[in-house]
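Below, chain A partners chain B and then partners chain C, in two separate complexes.
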Partner chain A sequence: MTDAALPAPARRGTRIGDVLACQLRVIGALVLRELGTRFGRDNLGYLWLFVEPALLGGALGTLHYVVAHSVPGGLNPFEFWVIAYIPFYLLRGVINRAPFGIQANQSLLYHRNVTVLDILVARNLLEGAAVLGALIIFLVFFGIIFGHWPSDPFKMLFGMVLMLLLAHGVSLLISAGAVYTELFERLVHLVTYLSMPLLGAFWMVFWLPYEAQRLALWIPSVHIFELIRDGHFGNLVPTTYDIGYVLAWIAGTNLLGMAAIRRARRDLVL
Partner chain B sequence: MTIWTRRSPSTKLSEAAGTLDAAGWSGPVPQPGFGARLRRWARRHAFALTVILPTALAGIYLLGIAAPQYDSEARYLIRGRSAAAPSLGGLGDMMSGGALRPSAEDAMGIRDYLQSHDAVASLRGKLPLVEIFRRPEADPIARLWWEEPNAERLLDYFRRLVTVEYDTTSGITTLHVRSFRAEDSRGIATALLDLSEAMVNRLNERLQQDSLRVAREELARAEARLTAAQLAMSQFRERERAVDPTRSAAVAVETIGKLDGALAQARAELAEAQRFARADNPRLTTLRNRVEALDAQARAERERVSIGEAGLSQQIGDFERLSLERELARAQLASATASLEKARVDAQRQQLFLLRVVEPNLAEYARYPKATLTVLYIFLSLSVAYGLAWLLVAGMREHAA
Partner chain C sequence: MIRLHDLHKAYKTHLGVKPVLRGIDATFRPGEKVGILGRNGAGKTTLLRLIAGVEYPTTGKVERQMSVSWPLGFAGAMHYSITGADNARFIARIYGKPIQETVDFVQDFSELGEYYRLPVRTYSSGMIMRLGFALSLAVDFECYLVDEVIAVGDSRFGERCRKALAERQARSALLLVSHQAETVRSFCTTAAVLNDGRLTRYDDLDQAIAVYQAV
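For the complex of A and B:
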């Protein structure tokens, strides 16, 4: 009530709810635009969004299933590899796309309401939705074919959200760096490829000897993969994770990432 | 003609908000309300309010108010004998002893027991647990809040102050107990160690009694079988009036043989006498009588051995069945005795041991609460959270029209 006593026009549109709504509208529009530019309307169109990660995960799972590598702990190898690969696909996809995020959408920045952060959030949200969709397809598939439903789907969902947030934080840093140097574009694929065995997607903590476990638990993504496996397999295998540690990493990377983006925006030559 | 009148602006703020519009009289610009001023002030001092203030509060509590908490630490090992060692029989087994090795399942079992309501309940029987957690020197935030807590609340509080960690590489379990007095910490730690020792002993007793019980039952069964066999044997002897039918049969056979021999000899002599003696010779009569007597005797003996219900062969069959049963019962008794002996030897050495590596110590310095570190953590995490929020809000504000 008392707010109305202040000069009205200046207050209009600066209220936090209004600007948040505006930002959400912008992000929504950017997601739609991204969908269009990435998949177009031909062929399967937007369906590729889910089909792409599902195909990759499924192919990898089938490959390991056929080769019949047994997984320690007696897990179904197909399930193990799919559950490992799909979150990994999210992490890798978000980080690999990060250096091109600003460059590809630079022209949008002429609109006053579109910020760099909006563009990156939209891209990463799209990626997260795609991978989550693929994961759900596989979970239903597992439930029907193997008769094994996730023991705690909310843990899996939470794990995927954590993975997206962590990847988002790192991708912000990389995007900001890509404004200054081409080095990130050149190196990001190499680094994600080389770090593949370290990230914890394709092994479990309890396979390792105690000393190696302690080292492995320094890596934040290891915790997330373990959390997702805990959600899927439940008590079938022992899992080790610390959500607080992951949250600290997420807070740290996102803080630095957003700060870096703000700095980079000033140096960005349109 | 119309006369335009304007109402004078209200002096009350609540009305002013509704009646004054952009085109209205300027009037006196009202002082912004208390809420608005507070909000503006809060916005200006956001960092102080969301980061500095909580950190300062935590600092005041931790450095000024919080009662010192003393930590008592104890370490122990749970070891068991390897069950798969090849047995060499009673004494040999005892000498070789079986390898002692850490037993992870039992250690985890004891660890879980120590953090269970069961342990808390047993502990309450030994120590005034609630009183210990509500010592007068304890500060009102850290102490147990309820004077008569229900079991769940006490268990939650207990788990906050007592940690048990099992290290898979060394097999050592570390027990940490915090409380407001050093003696209390040590008391609880000692009591917990005693409890886990009692638990280990209970487990052992269970194991031993199980194995001993089976061996004892086996022995009783063997004894009963042997007694029954012996009884059947004596009943047989009484009934048949024969101590050992086998031997009587042998004697009978021997008698028949002797009779046969004598008969053959008598017949030979008779034949010889008939060659040269006359038919009325008295010697012939004697010989003939002897042959007849011997023949009759031998036939009678044969009949006695083999024919009829009371025949020796029947007796021998029964007797041999009984004596075989007795032999078997004896062998079973011997083996049952041996396994009981072995079970007793196994029982004599414990299957599980709790080895105290470090006895609970009496703390001299209150290690908790770790005030500086905690304040630093709070400050850092609040700062990061503030930074994130600031960046997010700043990002949103860029969308302002």
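For the complex of A and C:
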């Protein structure tokens, strides 16, 4: 009984190492809690984490496979749609959930160790891990069934990480905005739905005429989808992307997002 | 030591900006047991939230040189969808405490019986309050912020809380906000009165209570 009553460590220390250690500890605890509250301990439990995106991706892939839409470049339509849909699911999932990120976890902010950023990082990390898990399941499946293994799995992994970071940066801005107005909450689904054809998930840059390619390459997610396809299909099709451009977007959205979150925290009424 | 420097807090409402705290300066030292008396709506809870860092002041500053608990007496710090034991695990993780000891301590102190293994949403308000208090004692803060909670609970548990706080007399400070003079008298050694957005401290408990009752 007295063992638990050790003096409480001061809030985040002032040394950068202490701050990081505390942040990692908190994020770890938040991920575990999020797992518990989202999936519970019943039936499939944590397995839903991977099964949910996998089912959606699989259904979409099967649909296009059965309808037998051919994909330019002679790619396997099932693979094309799954490889497109899974990173898209990550982007859309993180952004659609962003307006509720703070609201759903307000009670955590009673603990001064827990920052808004910790909460949002934990949520998005979990989402990223789930979708990555689903992607790996499919890649193994493709390897076994179609005999096609990714040409460069590290490019695909890198692409998924970039997608998560970009989505995270945008989600920070949306979460911060949602503190001030309901508008984000109301419009986010509409906007992600309408922007679906623009994001580059379901077409490739080389399908487009030259002028359209130049416009398309302004959109950062287009580059990421191309990178992931390069990792999967390799030289089977031409891909176009600029990682520096994507990193600039990631840096921009994340820095602005963190500044916005910091501001919003001050105005938050719990 | 906790220092409040010219603390102001105003909330935006549909009827315009409503100031709640209008310039509060105070110092709370380690081990002090201070009662803060105020009528309903005087801003007691707001003051506690600012000290806890749950909300931020509009202007002014809160300086904390000791570890300060979350404001006790709200369900705020807990999760309704997970069990009491899981809440204890979560608290242990975020405050860097040993997990099993914390779970055992909270089980022991909160006396929830088998409810400890059920989701918090199935608890009565008294049980939630007991869990919250046990969780905060497990972390062992240097200063406890209490919002009339002990007075609400049943007397047996109230007595245990009083004992637990008394055992920590030397190192733990207590800030208790209440609208009842008797509660403050039984827990605190000095008191302050919160009125009209300002806080006045009195070294003498009886004087503070007399002033409060005259307000």
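The rule is simple: the second predicted complex is superposed on the first by the 257 of 270 C-alpha atoms of A that agree within 3 Å, B and C clash if a C-alpha of one lies under 4 Å from a C-alpha of the other, contacts with A are read in each partner's own complex, and residues count from 1 in each chain.
By our rule, contacts are C-beta pairs under 8 Å (C-beta built on N, C-alpha and C of every residue); 3 or more make two chains touch, one makes a residue touch a chain.
Computed from a predicted structure; not experimentally measured.
Once chain A of one complex is fitted onto chain A of the other, the partner contacts of A:L117 are limited to chain B, with no touch recorded for chain C. Of the two partner chains placed around the shared chain by superposition, chain C is the only one that A:G36 touches, whereas chain B remains out of contact. Of the two partner chains, chain B is the only one that A:V19 touches; chain C does not reach it. Contact with chain B, but none with chain C, is seen for A:Y210 once the two complexes are overlaid on the shared chain. When the two complexes are overlaid on their common chain A, residue A:G28 makes contact with chain C while staying clear of chain B. Of the two partner chains placed by the overlay, only chain C lies in contact with A:R266; chain B stays clear of it. With both structures placed on the common chain, the touch criterion links A:L109 to chain C but leaves chain B unconnected.
Of the two partner chains, chain B is the only one that A:M258 touches; chain C does not reach it. Of the residues of chain A, those at positions 1, 3-6, 8, 22, 26, 113 touch chain B in one of the two structures and chain C in the other. Within the complex formed with chain B, the residues of chain A that make contact are 1-6, 8, 12-14, 16, 18-20, 22-23, 26, 113, 115, 117-118, 209-211, 248, 251-252, 254-255, 258-259, 262.
Interface of chain A with chain C (complex): residues 1, 3-11, 22, 25-26, 28-29, 32-33, 36-37, 106-107, 109-114, 265-270. Of all residues in chain B, only 13-14, 16-18, 20, 22, 29-30, 32-33, 35-36, 167-169, 381, 384-385, 387-388, 391-401 touch chain A in the complex they form.
Those residues of chain C whose C-beta lies close enough to touch chain A in the complex are 11, 49, 52-56, 64, 67-68, 70-71, 74-79, 81-82, 86, 90-98, 101-102, 104-106, 108-109, 137-142, 171.
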